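Following this message is one structure expressed as structure tokens.
Going in written order, the chains are labelled A, B and C, and every chain counts its residues from 1.
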Amino acid sequence: MLEISNLACSRGDHLLFSGLNFSLSPGELLQVQGANGSGKTSLLRTLCGFIMPDTGEILWHGQNIRELGDQFYAEIIYLGHLNAIKDELNALENLRIGAGLAGCKMDDKQVIAALRRLGLRGRETLPVKVLSQGQRRRVALARLLLSNASLWILDEPLTALDVGAVELMQELISEHLVNNGMVIYTTHQPLEVVGVATRRLALT
Amino acid sequence: MNKLSLIGLLSIMIRRDLVLAMRRRADVVTTLIFFVIVVSLFPLGVGPEADMLRNMAPGVIWVAALLASMLSLGRLFSADHLDGTLEQMLLVPQSLSVLVLAKILAHWMVSGLPLVIMAPVLGLQFDMTAQSIGVLIIALLLGTPTLSMIGAVGAALTLGLRGGGALVSLLVLPLCIPVLIFGAGAVEAVISGTSVSSHLSLLGALLVMALAFTPWVTALALRISME
Amino acid sequence: MVPWFACSAAIMFVAGLYISFFVAPTDVQQSEAYRIMFIHVPVSILSMFIYLVMAGYAALGLIFNTRLSSMMASALAPTGALLAFLSLWTGALWGKPMWGAWWVWDARLTSELILLFLYLGFIALHASIDDPRRADRASALLAILGSVNVPIIYFSVQWWNTLHQGASVKLTGTSMHVAMQQGMYTMMLAVWLYAITISLIRVRSIILERESKAQWVSELMEIKR
């Protein structure tokens, strides 16, 4: 359960948003909408605790995320504009290290299964630098499958993805929601998840 | 969820950075060559008198080591910053200081340790005695990790800024002066025949202090810089 | 408050300079050249003290997230740097007739030089970060780190120095004439007041700049017009 009350955030002198209130319960999907520069990414980064809000607080199960610290980080996964994968490593190594740092013991089979599900069969041990942009994004998305975080925070997850991958993404999100997960995302592309009402939050 | 032990976390991170460094070997070699060239330029600048060179050697090697470690600092966090992995490290449900410490240690292994190994050869160039070379190695072993740690704070503070490299040097070099003084002092003490151990123990004390505080300060600086 | 401090600083300067040049007697050993001490000593002491004050403000700003103390810290930095520079400059001018050299690798000189570097680092870091809040916090961390390091640097430099040249050149304990003391204290007060004045002026412009979008600033502009 994520609750946001009276949140305000500014970058430099520029006030991005203020007086923002919303809450998200298990099984819910929230899309953050707004034009370029309206503060979508800043909002998501504030939710991750990177940015200190000017006012307001962010509560996770009733407790401020600043006080929770590591406990909160263990329950979220953040996918930013950047893929957070290393060009010099291959897809398998990237995911294994990522999961290792998050505290999950992973064997290679699980990682390979996740990569195959995202359509990267046969690409597991290639250095990431030879993959295309869309394939790199898929490697990054595979992290979602390997984590047991309950809150997914996705910033433009669909960039560089083809039609098939977008459908796959919808599938992944709906599975996560069925398992009582929560998802917050931004996108400029249509993303409809069957059977779930998408809540929308518009930033101006 | 099973939490990793701190040692486990440390080893994953160190191994990751070492693998990355091995796949980008050119960077490591560049620092080392820089170090060798700077040291070799001094005799060309001041003349080949063996006596003078022998007296200058500790200072020259230490200053060159300091400059070489400044040069390599830029790589410590910037690559991770650019591809987004640093953001993910901030979200790791473990102490960020431990991750930072791991990164610093790995960085030292690929940038500091080669300098220590290379130093005896350079010492021979300057006609240093075996005993003073031995002390030089010990002093460098104690001192260069401290340089990496102090430098890490500077690197974290200047993350993603324009003109970052020169700025790091401006911030970090004054703070490194004690290491330089005691490091070069230890070797000079051998040459002049006074006690070496006081210098070395002071270097060790600096190392312990840096080990205790800098990972934490660097973690704080990273959080500030990522905002 | 600013004009008040400015006026008293000016008065103190005039009084201090008068005492130091006309009242204080000529020193037996150093003749007239010692008079530079009246500027050199206050400036040096204050340049060190300001660093501590700056680090203190920076720490307050970092811990309690109060913006005014961060602004105060960044307002103090240029003054401190200026004083450190002046102290080196006057020290060199004093050193030439006394020691016969512009520069001696004396422990105090070297530490003062490093202090100047620390100030410059603080200013450079603050200037190169665009986002004011990040700039405040990052440079605050640097200032604190520097202040922790200052004693270590000082002792190591002193130690290094004694290792190199034996006893360093010092003012041997000539008891100071009363007029000299008076001149010194007056000048000290003058420099002190100057530093306060300049920092207040600077912090005022920083506040106006940062808050340029807040309502009260535009109201102020209306009134001024």
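The rule is simple: a contact is a pair of C-beta atoms (placed from the backbone, for glycine too) under 8 Å apart; a residue touches a chain by one contact, two chains touch by 3 or more.
Everything numeric here is computed off the predicted structure, so don't read it as measured data.
Asks: Using each chain's Cα centroid, which is most distant from the centroid of chain B?
Replies: Most distant chain from chain B: A.
Asks: Which chain would you call central, comparing Cα centres to the global Cα centre?
Replies: B
Asks: Could you see whether A-C or A-B has the larger number of C-beta contact pairs?
Replies: Result: the pair with more contacts is A-B.
Asks: Taking the mean of the C-alpha atoms as each chain's centre, how many Å separate chain B from chain C?
Replies: 32
Asks: Report the inter-centroid distance (CA atoms only) between chain A and chain C in whole Å.
Replies: 50
Asks: Would you mind pulling out the distance in Å between where the CA atoms of chain A average out and where those of chain B do?
Replies: 36
Asks: Taking each residue of chain C in turn, which ones touch at least two of the other chains?
Replies: Residue numbers touching two or more other chains: 131.
Asks: Where in chain B do residues touch two or more of the other chains?
Replies: 227
Asks: Mind pulling the chain A residues that touch 2 or more other chains?
Replies: Where chain A meets two or more other chains at a single residue, that happens at 52.
Asks: Per the contact definition, I'd like the list of chain B residues that touch chain A in the complex.
Replies: Within the complex, chain B contacts chain A at residues 1-4, 9, 12-13, 16, 19-20, 23-24, 82-85, 87-95, 99, 223, 226-227.
Asks: List the residues on chain A that touch chain B in their complex, please.
Replies: 48, 50-52, 70-71, 73-74, 76-78, 80-89, 93, 97-98, 100-105, 148
Asks: Across the complex, what residues on chain C touch chain B?
Replies: Residue list for chain C touching chain B: 114, 117-118, 120-121, 124-125, 128-129, 131, 133-134, 137-138, 141-142, 145-146, 149, 152-153, 156-157, 159-160, 163.
Asks: What residues on chain A touch chain C, complex-wise?
Replies: Residues 11-13, 52.
Asks: With touch defined as at the start, can you tell me which chain C residues reach chain A in the complex?
Replies: 65, 130-132, 210, 212-213
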